[in-house]
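These notes are about the structure you will find just below.
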Amino acid sequence: MDLVISISSGICLLLGSFICVSGSIGLLRFPDFYTRMHATSVTETSGVALILIGLMILSPDLLVFAKLVMILLLGLLIGPTTGHVLAKAAYHNGLKPKLTKSGNEQSSVPSSERGGDISKS
Amino acid sequence: MIIAATLAIFCAMILAISRAFMGPTLYDRILAVNSLGTKTVLLIALLGFVMGRPEFLDIAIVYALINFISVIAVLRYSDSNQFKENSSENEPIGKER
Amino acid sequence: MFIGLANTWVAILLMMIGLYIVIAQGNLIKKIIGLTLFQTSVFIFYISMAKVEGGTAPIFSSDISIYSNPLPHALILTAIVVGISTTALALSLIVRIKEAYGTIEEEEIQGLDEEQD
Amino acid sequence: MLLKDLFAVTMLLSIYGLLSATFFVAMDAVDVAFTEASVGAGISTLLLLVVISVTGRRERRVRHKPYAALFVVILTSMLLVFGTSDMPYFGSADAPIHNHVAPRYLNDSMQEINVPNIVTAVLASYRAFDTFGEVVVIFTAGIGVLALMSVSSKALSKSQPLNRPRGLYEQHLVIRIVAKTLFPFIFLFALYVQFHGDFGPGGGFQAGVIFAAAFILYAMLFGLDAATKVIKPAVIELLAALGVLLYGSVGIVTLLNGGNFFDYDYLLADPIAGQHLGILIIELGVGITVTCVMIMICFGFSLRRRAYEQKVAIRPKEGAV
Amino acid sequence: MVSQLPVLQVILPLMAAPLCLLLKRSTLVWLFCLIVSFLSLLISILLVQQVSTSGPIDYAFGGWDVPWGIGYRIDQLNVLLLIVITAMSSVVLIAAKESIAREIDPEKHVYFYILYLLSLSGMLGIVATGDAFNIFVFLEITSLSVYALIAMGRHRRALWASYQYLIMGTIGATFILIGIGMMYQMTGTLNITDLSVRLAELPQKRTILTAFVFIIVGVCLKLALFPLHLWLPNAYTYAPSIVSAFLAATATKVAIYLLIRFTYSVFGPSLSFAAIPLQTLFMALGLVGIFVASVTAIYQTNVKKLFAYSSIAHIGYMILGFSTGTVAGLTATLLHVFNHALMKSALFLALAAVMLRIGSVQLSSMQGLGRQMPWTMAAIVLAGLSLIGVPLTVGFVSKWYLLVAIIEQGNWVVAGLILMGSLLAVIYVWRIVEVAYFKEPATAQKGDVLEGAAGGSTEAPLSFLIPIWLLVGANIYFGIDTRFSTQLAQSAAQSLFGVSP
């Protein structure tokens, strides 16, 4: 029984962490905001879920289990919501997706520079 | 296995931080901070198990909530006038003598 | 020697970055950010010294015998509250300064003051 | 910190808060991590954002006077390194701090106070006066912010004259529904943190911050007017004072019962029960004050910001978006 | 109840502050604050009596013995400071009502009084406590309330001054926090008495020395010792007049107290003075401070700023006495703490009266004021004489003690320099006298005068004259009958040398 528990939780944890890392690599390497967003939000939900399920299998008592369930629910609720809001806000404020290879990364028109490049000092 | 997962999450956090540093747009940073927050939640949950005292998951819950609230706040205030470039006022408003 | 004090020295490095920002930056908000950084690093310094090798969090449990030192934790809880209070007050001052002077750059404010003399 | 965009700097500060809180967890300081997470990553980011939305996000130009600053910093850091080179090593159990005062807290607090969370025991009983000072500090900050920021009701016309576009949130359905489902959960969780502080990480301060955060979330999503309708600012002020008074009155009662200030043994016939009651009440006082002061500060900032925007809008320069 | 006096001293104003919010009406709140302040004065008088008869009082919070809980320890040094703070606060508060009505918006009056009480209780807490970390907490209560109080000034520069003070003050407080952390790291205790015992027997000194330096620098930032004084002049000048009077009389005194407490009681003179050339350093800084600040004061056109610089100069005198490291020198310092509080509160209160009547404290707008406000200006002149150190005033007494202490050490040069510093004080006080008495009243009011304060400025109201003349009377009384003040200072100084190894 112990073996089953540790193997199943191990698989969950491993898968989850792999997904998380791959999502983060996507966050770092993808070319523009929307693709990065796609990378993180898709992987994050599943990664979080898997890791938390892995921990749930290990949890020693009911309280810990309940808390993990709560975190999972929060994650499932909050993650997509923030992703949705973020994408909408970015689009709303004139940040255009990078569609062609030649396109400028900050293709926004100067008047709506709200989300524009700032940090290149 | 937990330790491996912890390390993996740690790496993922480092990647997210570098994105937060690099920007380049505001939304990239918000995204990075948000993703970092989620990973911190996981890291804390995992750390509790690593240290053998998983009772402290409350902190992870708080993180998740705070993360949500701060993303909302960021977006709420990035909506404001002053975030636009040309509306920064140069003259005093209140005439305080 | 280097391993044993590495934690402290990282805290010192962070403190000094914070202090540098407070002194060198001309933007009032950045000064406050530097101050926060400085204070948080001091908290790290305190918390590092509370840790005991092999200890766990100071919450009593019948099957654990080594705990980390709870006193610095209690002190830092207080200090964090003090820090956020200072930040809140400083930020409200900044808003007022912005309203009264129209800028939050140290140099410009001083220029405006000298103009008035 | 070479970034000129204050917004980005704020984001990074929030990350710093998150990371240092994680570090505190790794250092066994769970209570501190709790607080730092909610303060460093939550409240202070929020306040900075509000202020930046008033003052503008960009630094004008980088102007350094680095030499004097560098001199001071290098001198200080040399002194610090010199001073710390004598210190006991990290984690060593025979350092003086682990052997002088702390052992009593660790060994005897279960008999003397019977609160499993030793940090709470130290905070609320052994060093209760420090915590009282802490509550007063936060109360001071709240009153200070009010004294600086309060806008007279005349100056702030109720109906918003400036024709603001309906912000992202007035029309955002998803987030409002999600937030609405979250509110009961957040309040429940805050109550849990408030009353579970004896047994796990948490306590009045953390619970207060969570309460306040929930309320601020409400104000952000449904507008300031709706939020001020739920709780009037005057009521919040009174409640903040009430929290401090509640805390202090525990001390007064112990005085009247013949003990020293904050000697909870004198609250009830049974000293242990007295300690429990005392800690419960003062944590409640802390919670109330912190909640109210945080809400007070955020409302103060937001109201000021609105008044400011109105003033800006009146000017002929391009006003509303 | 007598055994509870130490805690009541601090708790009374602390608990009264939130109660003010319930009262709402400005006049009521003022009356309430006044009563609270006088009650604290009463308590500190009782404490003085008790300490002088039965020695230091220990008080343990929560009934926990001291190294584990927080303890108060009231000895001869503390009571001196307690009585100065409560007395000054009470006297200044008498005049607060009229002055505040003039200078602060009505809806903020309640906040003003709350912050005032909080800063008062913070100072009392710093002085009374026997716990190093508790000092930090109460320091921050004082500082935060004082920042807000300063920022309530009418001029927009008040905001900037307050911000500068906030930055400097917070750096100072954080330095003190670092120092306390290092001490704690090496000893494992936070209680001052316990610290002094354990620090003395510690083999390694490096960390302790660093802690000492950090605490001293932090305290000196709060103290506005000469090179770190930049925040003070603006803060005092642009704060509301009442706040200036209160701060000038108390804030730096508390910092001096901390300096003495840390050097003598915590680290012990053997470590403080032997390891670093602190005495020489402080003597030099004190002297330079006296001269630079006095000369700068001469060139000021704003009288409040003039006296602010004079405050910095007088901090120099206090530091000089402190730097001798003898009982006589310390007595002189403590005596000057007492006496300087009397002079400066009288001066700033008189300036508050001037502000009330003519709406400005520019030197130019005070022309001919000697005839329009004879009582107020006479008070300024008398307190100014005291500032110079003319015989029969308190200023003379403390300078005399200082000179004696320094000459005892055979340091004739320094003694001569102190006398020269007093001559500079003559110049800046004379400038005011000249303008007020020997110039014709300005016919046209200046532009920077507040509206409604026009023309025929008359004598200040009684609510000002009573506290001002009370203070001036004290200036002269304690200048003639020096028994009370010198005895307090002397026993405090002796207790420090008696306690420390």
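Order of writing sets the labels: A, B, C, D and E. Residues in every chain begin at 1.
Please note the rule applied: contacts are C-beta pairs under 8 Å (C-beta built on N, C-alpha and C of every residue); 3 or more make two chains touch, one makes a residue touch a chain.
Note that this is a predicted model, so its numbers are computed, not measured.
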item: Chain labels contacting subunit A and also subunit D; value: B
item: Neighbouring chains shared between subunit A and subunit B, ordered by label; value: D
item: Chain pair with the higher count of C-beta pairs in contact (C-D, C-E); value: C-D
item: Greatest separation from subunit B - chain, by CA centre; value: E
item: Rounded Å distance between subunit C and subunit D, as computed from the means of their C-alpha atoms; value: 14
item: Distance between chain centroids, defined by C-alpha means - subunit D, subunit E (Å); value: 31
item: Subunit B-subunit C separation of Cα centroids, rounded to whole Å; value: 18
item: Touching two or more other chains - residue numbers and ranges from subunit B; value: 23, 26, 30, 32, 51, 55-56, 58, 61, 65, 67-68, 72, 75, 78-79, 83-85, 89, 92-94, 96
item: Residues of subunit D whose C-beta touches two or more other chains; value: 5, 7-8, 28, 30, 50, 52, 54-58, 80, 84-85, 87-88, 95, 97-98, 101-102, 105, 127, 130, 133-134, 137, 140-141, 144-145, 148, 168, 175, 182, 200-201, 308
item: Subunit A, residues touching no fewer than two other chains; value: 78, 81, 85, 89, 118-119
item: Residues of subunit B that touch subunit C when the two form their complex; value: 51-53, 55-56, 89-94, 96
item: Contact set on subunit D toward subunit A in their complex; value: 2-5, 7-8, 57-58, 62, 168, 172, 174-175, 178, 181-182
item: Touching residues on subunit C, where the partner in the complex is subunit E; value: 15, 19, 22, 28, 31, 35, 38-39, 42, 45-46, 49, 71-72, 75, 78-79, 82, 85-86, 89-90, 93-94, 96-97, 100-101, 109, 113
item: Contact footprint of subunit B on subunit A as seen in their complex; value: 6, 9-10, 13-14, 16-18, 20-21, 23-25, 27-28, 33, 36-37, 40, 44, 47-48, 51-52, 54-55, 58-60, 63-64, 67-68, 70-71, 74-75, 78-79, 81-82, 85-86, 89-90, 93, 95, 105-106, 113-120
item: Complex contact set, residues of subunit D against subunit E; value: 79-80, 82-88, 95-102, 104-105, 125-130, 132-134, 136-137, 139-141, 143-148, 150, 152, 237-238, 240-242, 244-245, 248, 251-252, 255, 259-265
